[in-house]
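Handing you a structure now.
Every chain is named by a letter (A, B, C, D, E and F) in the order it is written, and numbering of its residues begins at 1.
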């Protein structure tokens, strides 16, 4: 069973990604997290920025593939929310400016469920012209 | 140009959808909004619940197709975030329990941009067995 | 090399599907074709209506699978144009009213290219409420 | 309710895109339209060619994002018909040679429905080798 | 690093799914596996058949969601190979007759990689008419 | 009706793709086949490698488009199994190392079914870092 909502990994990741400069937000207990920003027309640069931040901040171990694999699929799922159909940016002449948050922890009452990872993305998507854009958001969740 | 972030339609819709029982949140100025809940294995019931709520609450006019059309595509885009690949629920043996929010207003500095609509969905997705589920979230945005 | 445009199978199929009651249009030379109508929220009924018409009119042989296979994939490709993302109708609370045309013939200068099939669909797609709909069109082409 | 078929925006856009050199076709009443050609293995160049033509010909206002947004999604929907599955060209080793038409006007009896835009694409898709190609067509429609 | 090919989980799952009546095949060492058959036009029945077999045979624990989650995504990935575009069967008027195999074990040299699961599907896909079908195959792999 | 399983084109193509260095496998009777390897982050290079091998080995005629068309769609279907959702490699920061097999022959009892083609891909997919990868497999089948 999922914990009460305030202790859910996805909601917390989204709250972190929505956080503006100067705002603060405390994650529950002993969860790990990192945040970052990425703007690009290249979808692979978005993937790389999140992976790099997660590794640098020790959210995932770099020498165990299963952790990279878990994170990768969480990123891809979050990108589906951002792109809504085709996971493409520059190829269909659009660009994104995103803040991202990665959270790792156990969101279930049952400790056997172990660690999960949530990737939240929030920002803008649109034409490669300043102002021609609207908001976009994505959330991916996976077991580690 | 989008307004400052606190006055953005997508962020506000997401905040509304994330709101728990008893919590409160004030939308900026003169925007219209409604909230609701829907749980189903039928994706068309999710679409119907949101459309019905939006019409009942006067967010969209029922006698002008363009408003229904705008809302429909915003819902579909939000469902992409929720389903992350195939917009299918029961057909791939999964079910959702969602809270939704629909917000209508002008999120741009320029008044000529007129009204836009944001649809935010937040809840759980998983097997049709209580507890076998994780969080999910989607945001769709369209010009009215 | 494709023949001159007036003798192209896709263009001719589209012209047939666009034809209104009472209008006439002559296909080039010795091509085979059939037309029909189908309205449904069930995507499989659209597929069935086209397959049935094609078989009844002798466009494809019923006892050779390769001809059914060729037609099936042409139908699926045409449905992508009609649905633009997810090949779903009622599952995402929408319905279609379509005219269809199936044309069989050789659209290439080189006779070795043999027969190809084109499936064209034209009509409306929208909410299951009269008037809440816009036009839609799809074209699928395959070698027989 | 949609107007009679001859005054429908999608059908008219398709007729324009199907028009060969030297042929003529009159759009109903006071609609705006433009036509053009684009051949590329880069899907973003197809998008750019259509957007540029629409702006140059005053079909959409360049200083109002909602008009660009409406057109962009219509283009994307038309590209679904052209690509039938994955909105990719060179990435899956294929190329297109397309004529396009953009039409803007009100296709509904009810004037409140306002302006809509239709994007029609017609041409060939295939291997990057002359002659190894078949026809393709797509139609996207959106409210402005 | 993946183990030598004969000890790879995906290859072994595929070999099991390809196995005909009366043939035998030995999985390496201490891996767990189960096999089964399912024929249906309902994609959710394919998912259910595999999940049920995996639980009944103790491949995954029924009281830990993370194991169901891992298996579910592996099944979905395998279904992508079987359906090649839209994860739909009866909705697009086609049916499958499949043999499936689920294998659980550690396919990496590094023991820290822990258990992974592979789902392989092999059989036929086609019209709901005997004989109008061709082969199909899918493989999904996930960390447990 | 499909021939007995040992004489099925898809199964035989998969067996060929699974074959390791030094192993041997005999195709039934008079079928044509070729094998090869390709590693890339560019999906178009995977397509090109298979097309080139098939042409060089006389599996398809280079001067008849219908044969290229049949092979192309079989390759695309096989790539769906390999990529499981979005037919993208480097664009989503992943790379493949694949062995492929192309088989041409008649897999049906009825000689009128003529030649079909099967494309099987087997190998690894993962991050562009040695070892961070798992297995992947795809099969595409088409009538020639």
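Points to keep in mind about this one:
Methods note: a residue touches a chain if its C-beta (ideal position, glycine included) is under 8 Å from a C-beta of that chain, and two chains touch if they have at least 3 such contacts.
Here's who's who by UniProt: A, B, C, D, E, F = Hut operon positive regulatory protein.
Worth saying up front: this structure is predicted, and the values here are computed from it rather than measured.
Compared with chain D, the chain whose C-alpha mean position is the greatest distance off is E. The interface at C-D recurs elsewhere; of E-F, C-E or D-F, the pair that shares more than half of its residue-numbered contact pairs is E-F. Averaged Cα coordinates give chain B a centre that lies 35 Å from the centre of chain C. Between the Cα centres of chain C and chain F there is a gap of 29 Å.
Within chain C, residues 65, 69, 76, 85-86, 88, 91, 116, 131, 133-134 each touch two or more of the remaining chains. The residues of chain D lying in touch with chain A in their complex are 42-44, 47-48, 51, 65, 68-69, 72, 76, 79, 86-88, 91. Taken in their complex, chain B has these residues touching chain E: 85-86, 88, 90-94, 126-127, 131-134.
Those residues of chain F lying in contact with chain E across their complex are 1-2, 5-6, 8-11, 14-15, 18, 20, 76-77, 80-85, 107, 116, 118, 122, 124, 130-131, 133-141. Chain B makes touch with chain D in their complex at residues 63-66, 69-70, 73, 108, 110, 112-114, 116, 142-143.
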